[in-house]
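The chains carry the letters A, B, C, D and E, assigned in the order they are written, with residues numbered from 1 in each.
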Amino acid sequence: MSETLVRIDDLKVHFPIKSGLLFDRTLGYVYAVDGVSLEIRRGETYGLVGESGCGKSTLGRGLLRLVEPTSGEITFDGVDVRSLKGEQLRLFRRRMQMVFQDPMSSLDPRQSVDSLLVEGLKAHDRHRDKAGVRARLRSTLDSVGLPASALSKYPHEFSGGQRQRIGIARALVLGPELIVADEPVSALDVSIQAQVINLLGDLQESLGLTYLVIAHDLAVVRHISDTIGVMYLGSLVEEAQGDQLYERPLHPYTRALLSAVPIPDPRVEDRRERILLAGDLPSPANPPSGCRFRTRCPWSQPRCTAERPELRIFDDSGQRVACHFTAEILTGELRPHEVRAELVHPDEGRTPEVGSELIVTRTDLPTP
Amino acid sequence: AKSDRDSGTEVKSTGGTFIFAGAGDPKNFDPIFNDDGESFRPIRQLYDTLVTHKPGTADLTGGLAESWENDPTGKVWTFKLRQGVKFHDGTALDATAVCANFDRWYNMKGEAAQSQMIYYTDIFGGFAGSPDALYDNCKASDAATAVLTLKKYKGAFPGAFALTAFSIASPAALKQYDADTVTQNGDSFAYSSFANEHPTGTGAFTFGGWNKATGEITLNRNPDYWGDKAKVDKMIIKVIKDENTRKQELRAGTVQAIDFPAPADRKALASEGYKVLDRPAFNILYLGINQKNNPKLKDLRVRQAIAYALNRAQLVQTKGPGGSAVADEFLPNTVLGYATDVQKYAYDVAKAKQLLADAGATGLTLNFYYPTEVSRPYMPNPQEIFTVLANDLQAAGIKVNGVPRPWNGGFKDDVQQFGKQDLHILGWTGDYNDPGNFVGTFFGRGKVEFGDQAMTEMFDAIGKADATVDQSAKKAAFEQVNRDLATKWLPAVPIWHAPPAVVTTKNVAGLVPSPLTAEQFNTVSLTK
Amino acid sequence: MSGIEALADHKRRRIEELIARTADAGGVSLVRDAGRRLLRNPTAIVGGTIIVLFLIVAIFAPLVAPHDPVQRFPELIKDLTVDTIPGATAGHPLGSDPLGRDFASRMIFGARQTLFVGVLATLIGLLLGVLLGAVAGAVGGWIDVLIMRFTDVMLALPSLLLAITLVALASRSTQWTVIIAVAVVNVPIFARLLRGSMLAQRGSDHVLAARALGVKPRNIVLRHMLPNSLTAVIVQATLTFAVAILDAAALSFLGLGDPDINRAEWGLMLGVDGVRYFEVRPELAYFPALAIIVVALGFTLLGEAIREALDPKNRR
Amino acid sequence: MPLLDVRDLSVVFQRKGAEPVRAADGVSFTVEPGQTVGLVGESGCGKSVTSLAIMGLLPRRGNRVTGEVLFDDTDLLTLRPSDLRDRRGRDIGMIFQDPLSSLNPVIPLGVQVAEVLERHRGRSRQAALREARGLLDAVGIPDPARRLKEFPHQLSGGMRQRALIAIALACKPRLLIADEPTTALDVTIQAQILTLLKELVDDSGTALVMITHDLGVVAGLCDTVNVMYAGKVVERAGRHQLFGEPRHPYTEGLLQSVPRLDVDRGGRLHQIRGSVTDNIPWSAGCAFAPRCDRVIDDCIGDTVPLEPTFRGGALRCTNPVPTEVPA
Amino acid sequence: MVRVISRRLIQLVATVLALMTLVFFWLRSLPGGPVDALLGERATPQTRELLTRALGYDQPIWVQYGRFLKNVVTGNFGNSIRTGEPVTAVIGRAFPATVELAVAAIIIAIGLGIPLGYLAARHRGRLLDNATIIVTLIGISIPIFFLGYLLKDWLTQGIHVFPPSGRISTGLDNTDVTGLFVLDGLLTREFDASADALWHLVLPAFTLATIPLAIIIRITRASVLDVLDEDYIRTADAKGLRNATIRKRHVLRNALLPVVTTIGLQTGALLAGAVLTEKVYNWGGLGTLITDSISGGRDYPVLQALILLAAVVFIVVNLVVDLSYAIIDPRVRVQ
């Protein structure tokens, strides 16, 4: 067992929903991350899966303090990250980096690869030694499998996979210990995906990196993660070693998720039993009481409405699960029942709102 | 003087509606509260003055008073009133009514009202209680004789009695419609219903209404008019502010006469068969010289140099409206006291340069103020005039620093109140036939405009001339003043007299243009 | 060893060649890429040509113009009266203007003055707007609210009305009054545009990435948010130029324009002399009007083309 | 007789000042009544273009479509536009990838379902709406009566996709073309939709063309699978065949490069070098050649033809992956 | 809905108040000012002083501001310096004139703009489209006062197709009910007056409509093209709907959404354009009033009220447009 690099304790990130007459007022919150605790050990890969909108990215960003957590604790290598202020925090960022989902939008289209990479060095005042910088850029590019000639090019001149490599190189250039990779492959073509996944693995091996990999593709997560956390509507519902999770999913949601993933093998597919979940993920602005999953859970019981289950260690395998009836479901004592889909209206905050501006300025219109 | 108006010849109405395009909105129709031509145009049709001008001239003739007399002190004026004249409300015009008007003006209450009686303050000095007030009393010695007593002689009379502002209104109507109430509201004033809806005079037309939405003032023929009854049934004064639009409306046949055509349009209109009627010039444009800010300008030679530097003949040729002429004096030649033998400053750059050199004023730089956003009969296009004059001055080695100011947004203030300029262009349209109204107004006392406080000799000479009761002596005195103005004082340089025109369609007859723009339209008839 | 490396040399080279042909040429920034697309766009070419010609005339006016634009010529004055303006004569291809100046030279120098007014009005508006917008977008919070409410106040009056009001309320009337009035009108537009764009940038991944790198906030604003927000502003500025000279002409027409009629500026020439002497000599209106239309058209076309070129929808 | 017979379908996009793009190049496949046919391939390989060309839905300008699309022995490509309109929605239904943008945002859902019935079944608005309610219910949208009056933005992604399916199946078409119907959805929702599709197709005997880039989706759903690369079908086989014994190096590479949930292969994944943009023109040989591990000299030169395999499939490769049973 | 309206109204009041305060202090800091404006050429220093006192300009600025605010709040804007009438009356008279003109212009702009824009989009890249684009480009590049001037010169001089200026023939003596002459004629059954007013309206309305028309054409065209590219149009096509149905039900409605916003913004352009158009055609509306209040003597009370009115109209129209947007676009929820 290696040491813990990151500890997250009861992390909450709530986004205020604002509106107001002259000045904005908070009307409610989007409970994007609502009490997550986890640990990531040095050198391991922690995979985070869950449906869209369940708060994975927010958790990752909250961890890096790219969004300000509402409450909770983050400890990175013994440092209390949440207490870091301004310049302290900025300098601390060197140790934790991020790789983004969309390799195009996360690279400033106006900067050449060179300046993209140098930027981080500049920020940490490591760009004085010109020769050293060159060498560093070269070796970094090399480590992500790009030729040195890439330096003078611009992001849009690369293919998706190459762009993602640039994104990874940018994260690597400062020599971080932790990399949060937010859906690093989901925007990539299937044939490219493997390249990036392999690259991440290679880099971890050679540099001893620690990863928090966020993805919605369970297969990918399973492939690269040592530990997998399953998120649902802002909280962690289950956490286990990769194989363990696949072999013995405890939480009803995990079970459903696993059974839903299509497998490119007709023989397997033909034999599979599916647990079909009814309905959609509820809005994080208005989460159900008690167990967040109860509205879709085929095993839900009255208790689930009243009481929110804690994430607790289930047995000595270390597997953690947040369900009141884990044991009963596992033994088959509790039988699944029919669930009526509850209608979920899509995210309220996203509808375009009219009326905030006194006068709209469509500036593409000439005036007389 | 004696009236020579022949009354009684009854001319029958030719009928029809005569539409005249004016250039701006009137303010109201109470004569005493007005001072601008656009208000006076309808007022002149609605009212009469005691003394008036012979059509087409600035010469005085009898109005409501058939004759008038001045006593030797010049303080007492006796008016013999015309008999049988009735106001539009049916009341009779008599001496009591005339005196009621003088009393009304003198006793006007309230700063609001008083501040709007521009002509009255100017001519009569002030109101009841003011030491400067000229008015003493007015008595009706009989129904047909009004005797006005002033505190002292003033050269402006009798000409000033012909001022439209001093038109005689019906005392009954004034009272009934609360004419003296001028209320202040915000930054301005509201006038009585007399002034707006019920103007009641003795004029050839009665008030038909003012449609502000369409800018039409309707005047109806007064069948009981004491003089020549109007030939048209109705007259409409249509307000069209844009000179170009006035011309187009004339061409479209929707109006029969337009005032103040653009100088550039005169030729075209004349060639198209419209009647372009020039008014005899009764105005003056001058280049003012302010001696205060630049000491060099106190030197007569420098001022003369400026006069020589200006190619006024060329200005008149290129920019002068039709019929305009170079001005050598500050008053038109029809006015009493015009001297035929003043020094003329013909264009002579060499001389200008020489004079400047003599005065040690080479390399002179002058701030030349000129107005924008305005067009006046004597100054149809100030920007062009400035440009040409500045050009001339530059050619003589005077550096000109042009300072444009909006007419109402700073020009008048800067020039007349604060005297910020070294040079400026400004002008004047005479109100009545009296030299005092021209040179007296400009140079009769020290004014900020000219910064000439020290020229007491000039003030005294003008003051004396103005106070001369005897007309021929007065004439001689003013002739001398004009000569001295040109040679000795030269506080400003006269530029031109520019007669404003009136244009009518071919079928309009009988319109007699007045130098004072004081046309009366009862003589107008429409032919087929 | 497998794959193309294992192929015969000539085949491999052939493949590489073929790939290279379908792939992008290297080393071009987005801006240059947009530039290339611009050059292929006929709209841009027409607009660009107009503007280049205009610029050339403006810059080399003293060389192109036959005469001094403010000099009055005796040979022109000779026949000049208030209702006759001489037409073309020897040495004066377009004849005289109302003051006996060479009209052709004034038209040519007009390019220069018009450029001056347009460019300055645009630049001043741009500068102030960008400043306000950048501060609002970068600082946020109360300052943002304050600045936005301030732009509301300015936007509450339609642009030309605001310009008219500003000129009317200006204590002096000079060419600068006009330039500033026309410029100020655009300040809130630029400010809003930039702020909106900066806010969008603020939430974007590449700004987040820069923050994650620990880039100083000031540098994030200056190197990421601002440059990426400026494109919209630049497009707007191009279009604003056209509007600016039209506004200046409108002010002249209303009698609120540049009071110095010695200055040869198309808007002024059209709004003052052109209208006043239209019947005497319509060319005085037609030429400046045509010049304005063509140049405004040029800038509008170019602006639209730039917008199109920068639009990611049109990228390849 | 196949229900749909696509023969040598090519689509070339021609844009001013740009090289013509051969988005689909000689695509041929057939769909038997009631059969489910898969069309898989990576982004940009021409799947959507092919399906749109079949439906005659490509933008009218800037492209050239050649070949034949025989539906019931009628060539849809040469059909009069109005006749084609009569068939669309009635004989062939289609669902698209992004359910939000594929529904008109300003028209109530009910009308959007009803109008297709009004058009092809001649129903009155009232009757059509009543029927629409049943349809929404059938695709598993809760409280369908209320949904009829709602607008697309008021529904979640999964519900929208259900609505689209209801529209496509409203007239009980004989063929349904589904273009990546689940790509925009979460896995749990994807499972719902796929299950629903399968049920509906099975119940009604509708033939289905399933377009997807997810090999897993076709593995569970299709009878025959066509693998496309750079505008061409490179391999066709029954699904067991295809997943069991892929012949084309590209198919094989794909299968090996995706991580699988059920087996932890551990370590490195197989990877295909380069990227899809590393193409060479088809006329110069196999487009996949630059990325191919099995490339040989013959791969470069002439167009490689799509040749039938003895097991009823087809293959376009000069150096295919060997099988136990020699071809 | 109520929230948005109240929010916007509060904003409106705050904005307008700020605007008025700015204008007030600016005006007071000017040379000349109302005193100067009220006095003609013949003013003596004496009258000047009388007037300064009468108007209370000798009082401290805060007192003046307080009085000004009180007046504004009570809807009293004082009297016009030029005409002496209450400002409200002056504006009340001019307002319908501009409304009439602006409404006619917007009717022309919408009535022609949307069909033309739609046609251009349908004929994309063809002659009609290109011609429309060129004409609209010229439409927004031409100084509109000059266009008005030309139209007037061509159509009212020599050949007198239209009357050169004004809102109604002189001396027609129409009855004024609403101030909208065309409407008044219908209301009072003075149909000749109605026709005459309409006849006067044609040229100014077309002149004023030029820019909005050009813009609406362009926006409609672009918007239709955008909508035609939308996925839901493809869906509609896939449903086999008839072309006419698609056009009417699916394309037009969506394509008009951006046009609505544009129309709101064009009110601003109309107000500004009215200043020029009304000057060209001597149209006694707000535009003329603005020019007159500035050039004809710095009529500050009128000017202040006009600024206020323009701001309120512009903002309110935008509010109405936003609200109507919320009605036609179900996606937009007014919170």
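We adopt the following convention: contacts are C-beta pairs under 8 Å (C-beta built on N, C-alpha and C of every residue); 3 or more make two chains touch, one makes a residue touch a chain.
As the structure is a prediction and not an experimental result, all values here were calculated from the model.
Participant: Between C-D and A-D, which chain pair shares more contacting C-beta pairs?
Facilitator: Counting C-beta pairs in contact for C-D and A-D gives the edge to A-D.
Participant: Among all other chains, pick the one whose mean CA position is farthest from the mean CA position of chain D.
Facilitator: Chain B.
Participant: As a quick test, compute the distance in whole Å between the mean CA positions of chain B and chain D.
Facilitator: That gives a centre separation of 91 Å.
Participant: Could you please state the distance in Å, as a whole number, between where the Cα atoms of chain A are centred and where those of chain D are centred?
Facilitator: Measuring from centre to centre gives 31 Å for this pair.
Participant: What is the distance, in whole Å, between the centres of chain B and chain C, each centre taken as the mean of its C-alpha atoms?
Facilitator: 49
Participant: Roughly how far is chain A from chain C, centre to centre by C-alpha average, rounded to an integer in Å?
Facilitator: Here chain A and chain C have centroids separated by 45 Å.
Participant: Of all residues in chain E, which are in touch with two or more distinct other chains?
Facilitator: Correct list: 11, 14-15, 30-31, 140, 144, 268-269, 272-273, 276, 279, 294-295, 298, 314-315, 331.
Participant: Hey, what residues on chain A touch two or more of the other chains?
Facilitator: Those would be 351, 358-359, 361, 366-368.
Participant: For chain B, give me the residues that contact two or more of the other chains.
Facilitator: Residues 373, 406, 409-410 of chain B touch two or more partner chains.
Participant: Taking the touch rule as given, give the residues of chain D at its contact with chain C in the complex, in rising order.
Facilitator: 17-18, 273, 277-281, 284, 289-297, 300
Participant: Give the list of chain C residues in touch with chain B in this complex.
Facilitator: 72, 77, 80-84, 98-100, 168, 171-174, 255-256, 259-262, 272, 275-280
Participant: Which of the residues in chain C end up touching chain D in this complex?
Facilitator: So the residues of chain C touching chain D come out as 2-4, 6-8, 11, 14-15, 18-19, 22-23, 40, 316.
Participant: Going by the contact rule set out above, which residues of chain C touch chain A in the complex?
Facilitator: For this pair, the touching residues of chain C are 24, 26-31, 33, 145, 152, 155-156, 158-160, 188-189, 192-193, 204-206, 208-216, 219, 223-224, 227-228, 232, 235-236, 239, 242-243, 246, 250, 300, 307, 315.
Participant: Which stretch or stretches of chain E touch chain B in the complex?
Facilitator: Within the complex, chain E touches chain B at residues 30-32, 34, 36-44, 46-48, 50-51, 53-55, 68, 71, 76-87, 90, 93, 96-97, 152, 156-157, 160, 163-171, 176, 179, 279-282, 284, 288, 292, 294-298, 300-301.
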